[in-house]
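Shared between the two complexes below is chain A, which has chain B as its partner in the first and chain C in the second.
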Partner chain A sequence: MKPRVAPAIFLGIPTVFLVGLFVLPLLSMLVLSVWRTENYHIIRDFSFHNYEVLATEGAYMTFLLRSLVMASAVSLICTLLAWPIAYGITLYGGRYKLLFSLAFAVPFLTGEVLRIIALQGLLGPLGLLNGVLLSLGAAPLRVIMYTNVASAIGLVYLYLPIVVTVIYLSLLNFDQRLIDAATIFGASPARAFFEVTWPLNLFGTLIGFALCFIPCLSATLAPRFLGGPNGTLYGMAMAQQFGESGTWALGAAMGVVLFAVSVLLVVGVARLIDLRRTGFTGFGRG
Partner chain B sequence: MAYIHLDGVSKQYGSVWAVDRVNMAIEKHEFVSLLGPSGSGKTTLLRIIAGLERPTTGRVLIDGEDVTELPPHKRGVAMVFQEFLLFPHRTVYENLAFPLRMLKLPKSEIEARVEWVVGILALRGLEKRYPNQLSGGQQQRVALGRGLVGRPKVLLLDEPLANLDRELRQEMEVEIRKHQTDLGIPFIYVTHNQEEALSMSDRIAVVRGGRIEDFASRTDIYDRPKTAFIAQFVGRSNRFIGTAATAGDTISLSGEGVRIETATRPGIADGERVAAYVKNEKVRLRPASAGGAGAANTLAATVRYVILRGAYAEYVLGWSGGELVASRPRSEAEFTEGAEVVAFWDAADVDLFPVPEDSR
Partner chain C sequence: MTKSTFSSSDAASPSASPVSRRTVLKTLAAGTAGALAAPYIRPAYAAPTQLRALMWEVYAVPDIVGAFEEKHKIKFSPTFFDGNSEAYNKLRVGGSRDFDLVQADGFWPGLYFREKLIRDIDYAKIPNTANVYPVFKPDRFKLLTDEASGKHFGVTWCWGSYGTTYNAGEVPKEKVESIEVLFDPAFSGRLATSARFEENIALTGILAATRLGTKDKPRPDGKSFNPYVLTDEELAEVEKLLIQQKPLLLTRYQDNTTLQQLLESGAIVAAPEFAQVYRVLVQKKDKGEISADFSHQLVPKEGGLGWVDTWLVTTGVTDPATLDICHDFMNTFLAPENIKKISLIAGSSATVDLRSISTPEEQKLFLMDRTEELSSMYMFDQPSSTEKWERVWSRVQAA
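== the complex of A and B ==
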């Protein structure tokens, strides 16, 4: 028997990578979350105190719920915007398809902080938008001045390119001729979309949704710069535990909660979706 | 009034006419093939009938109705695609039920019709499988079933057998023709494979450069090609080029060391450069010892290779003008490689066409 080296290398390296850079840090967070911090010192006392704090102090629940609502809304808006954009590129992009999809990556050439601060300059009380309104003698739009709406706009702006790219790649893999087949067999264009295009791109859409939803859950920059006094999100509160307040153990517990919520959501969605119904063929034959 | 009419149908892409002034009338019980090389416009023509392409000019009529402006889903046609294009997220049953669901038939009717098509296409037991769990032949059957199940006004087939291996293809040819006869609806079958066209069709339209070169019965297309292109494209032929000389009611072509004689035909002038085609199976052989090599429509040759094709043998012959192929049934006297022979053919089996100025 010839030793099969290639699979060991190709599957082994990512495994080592995952264990080293993801599983181990996560385990350390888990351990830290059942200890406590006092005066910037870690004290190794086993207790579920941090989780009790998270469950009983109303503010953390509010942050978590607000984050869930925010992440859902932002992901939904991103998905709804990304579909026509991505579909438009595949249908009408012609030979500029690649250019269009790359154009969406251009904002990534600057840092996230820079992009959010630029947006602050646009949406804030003295920002471009309200400045123009004020100079025209109109009332400023209060709804975009340091509110959750402003946070949402910021998050949509941050994650839309990712969702567009993922859905675009899904559509690129989708055989458009299946639409021909559906219309030939009596489906109107709208019907063909819901019978063929939508289900066969559902998997890609969900990945796009998740890649927006999960970072939104732990978003820190957008709520901090755009969200205002009532805009604290879970991720932002968590970051504060590791920064200003120095309560790392509580922060670690928040991280574990966030991870658990994300896993639960992913598992929940995965149970709802029959992959075969999305044309997923990665199971091999048989 | 024919069942399907194409009336001056043309399709322009940029400056190219992919389909150029096509007129066709197809009867209700006919099996028609559109035969042509790739890029000849045959698939575009089929897609125009389906409604997937809009003709630049001209009209399409199906069952007396002008459908030129109708989108595909309102035409009542069905199609079998070369790549099958089964819905990968649907089971075999659901794929077959799709056209019926679009027709909004009651559930019991859908079940009965799918059951019928599963029966005639030998798909029983596969209903719950997904397309990627099927072999190529099974996928092909499902694609055909999906085409038949809605009892369309016409079934369009776009090279449906091109992705199957030879044995399976021949099996499916028989099956497809049988279903067409049983259902009594026209099948329009696009192919670049002359064997498929010849094996199934009532009539064949030879397509070239977006035009219909000839639209005639399969025997006419094969036995009496109307153009040099058809003579070359359909069947396997030997070609001779020379200068025409008429004498009475015979015309002879000389050049390359052989004299070809056949009955005169209109359109060929004295002294014109002409091409003569003799089908491989029309070339007969006798041993050189039997003599008579100098006469018209005969030439002396040597057997270079013998290619065995089962029921018949193909002799590749070398002669002073090049190579010549003769297909003979195995029941005839066989020649071995290196044998000296005389190849000969009937004057009636020669097809003669002027050589266009721009070709060799």
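== the complex of A and C ==
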């Protein structure tokens, strides 16, 4: 019996945690989504009206498409930026590797709101960039003032450290001698990278991509403070339902749809990729 | 040091003490239960030890709160909110027992009273209510009186409009006298509005009804025009106008600091707001910190929106001692020297007549001679259908 106690404890605690703080709230959201609201009151009538609204009102589909495009673009940019940064730290970080990786955690010591508002100041009309341009007699860069580009910059700024850290950790566990072996057998550095390093770190890259993509899909603060009149994303529209408009049931339905879309995307990617060929070691040796 | 009357041998000997382990456990359990329950049990008329308020952060002025705490030997515990709907959710979810006092504006006090979240109060115990301008007295300001019972359920303390603050060097006065200025292509990319969906729709609703010629015609509900109760035709016109307005806007500002920066930098030239930013900009101009001249159009010619902030007492307050403290808190808040201090900090106009203790500049800046204009404004109200309004707003945002 004794060997069974430890797994029960170590897997039981996170299970209780997940059920209590994730599954139950999600179920309550599901229940709320089939009720309706009327002038700040919840009416407990069962119907799929909220899902009909989401399916027939083009606005919500527009928000979702905007969010999918934004999340894809931001995750791609973050991954493209994170790879050389993480690879550089691994190759040239020397004894400062740990310091470099910890440095990426520094932004997390402040709140997300604070970081976004700081960025609003930086990109805004009185910000550093436009301030310099104005002092030089040039016109301010309107493309970074309250636009989707500004939102994207904000999201890259928010999530790049996460992607760098994940890819860095993947590279840290990667056996560099495999590259040496490839080059000894005549592979060029580029071929060694694309045929050895990249595929064996693909799982880490995908995790980094997903950890950027999923929060971007529900981003609220960046589009709200940086996005401007055309920058409303799905997460922001959803937050609005729980805030000023008080249409909580519709917001709950939006949340359920967002969760379903996220799960479908993750499952879709998992089915497209053979995890055994991506550096994933979770299957064990058997 | 106090010498113990028990020896260690006494304690160690089971026969020496009649106290059994079970008794000790029972006593401990009872003590623990008592300690846990103590905060929730008190005599009905005991003096309260704290006053819990649900309020906007800017109005919690430390000097005033501190003096009140000292006077009553009580702890003032504020919880802050950003908007009425958030406060409403907190009151409904937590129940009115979580708070003694709550702030609200517009139609919200009436809604709270109908839903029994707040209770009636006694103006006789708040003598400073006598100092409010006539337009805020119960005979003219009806939003704080229950029509059926005639009971009063709130006190007013500051007011404002949703007028237009503009750069006087860039926008001609005759243009800003109309809501049309916010839809004028001549100012494309140099306009902003607030992110509040109700006020965007209601203000545009006044313009839409004016353009459609429905504002002064008989209404479907038999009442006079209210921009928060729009017909489907008017809402469709509002949606069209707001979509046309989008390319003209630089942004929809989330907070006053952002709006101030946008106006100060010249990035925008006009925006509707509560006149708080206008006051900051005028004071900066007076100090020579900025060169641009800013003005504020309180009420556009088509009609404008107005609001009055109020203090309310929740139905959680049932014992006379706490109710007295609540009455005195509101009275303290309305004391001229206190309300002036709050006005200066928050940049809002007081409902109390402060002219005798204000400079001519302050009187002008805080619109002390213009309170009567409030009667020409449409008060912030509950949208006739939040669901319909939400769809309109979503379509505007997605367009």
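To be clear about the criterion, the second predicted complex is superposed on the first by the 282 of 286 C-alpha atoms of A that agree within 3 Å, B and C clash if a C-alpha of one lies under 4 Å from a C-alpha of the other, contacts with A are read in each partner's own complex, and residues count from 1 in each chain.
As a convention for this text, a residue touches a chain if its C-beta (ideal position, glycine included) is under 8 Å from a C-beta of that chain, and two chains touch if they have at least 3 such contacts.
Here the structure is a predicted model, which is why all the values come from computation and not from measurement.
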Chain A as common anchor, with chain B and chain C clashing or fitting: fit
Geometry of the superposed three-chain model: angle at chain A (Cα centres of chain B and chain C, steps of 10 degrees): 150
Partner chain(s) touched by A:Ile184 [first = chain B, second = chain C, both, neither]: first
Chain B versus chain C as contact partner of A:Val196, first or second or both or neither: first
Chain B versus chain C as contact partner of A:Ser33, first or second or both or neither: neither
Which of chain B and chain C A:Thr220 touches, first, second, both or neither: neither
Contacts of A:Thr79 with chain B and chain C, given as first, second, both or neither: neither
Chain B versus chain C as contact partner of A:Asp175, first or second or both or neither: first
First, second, both or neither for A:Pro140, with chain B first and chain C second: second
Which of chain B and chain C A:Asn50 touches, first, second, both or neither: neither
Residue contacts on chain A - larger count, chain B or chain C: C
Where chain B and chain C come nearest after superposition, their Cα distance in Å: 46
Footprint of chain C on chain A - complex, ascending: 37-40, 53, 57-60, 62-63, 120, 124-126, 140, 142, 145-146, 224-225, 228-230, 232, 237, 240-241, 243-247, 250
Sites on chain C touched by chain A in the complex: 83, 85-86, 88-89, 111, 189, 195-198, 246, 249-252, 254, 258, 261-262, 264-267, 382-383, 385-387, 389-391, 393-395, 397-398
Footprint of chain A on chain B - complex, ascending: 50-52, 71-73, 77-79, 81, 83, 85-89, 98-99, 102-103, 130, 132-133, 146, 150
For the chain A and chain B complex, residues of the former touching the latter: 175, 177-178, 180-189, 191-192, 195-196, 199-200, 276-279, 281, 285-286
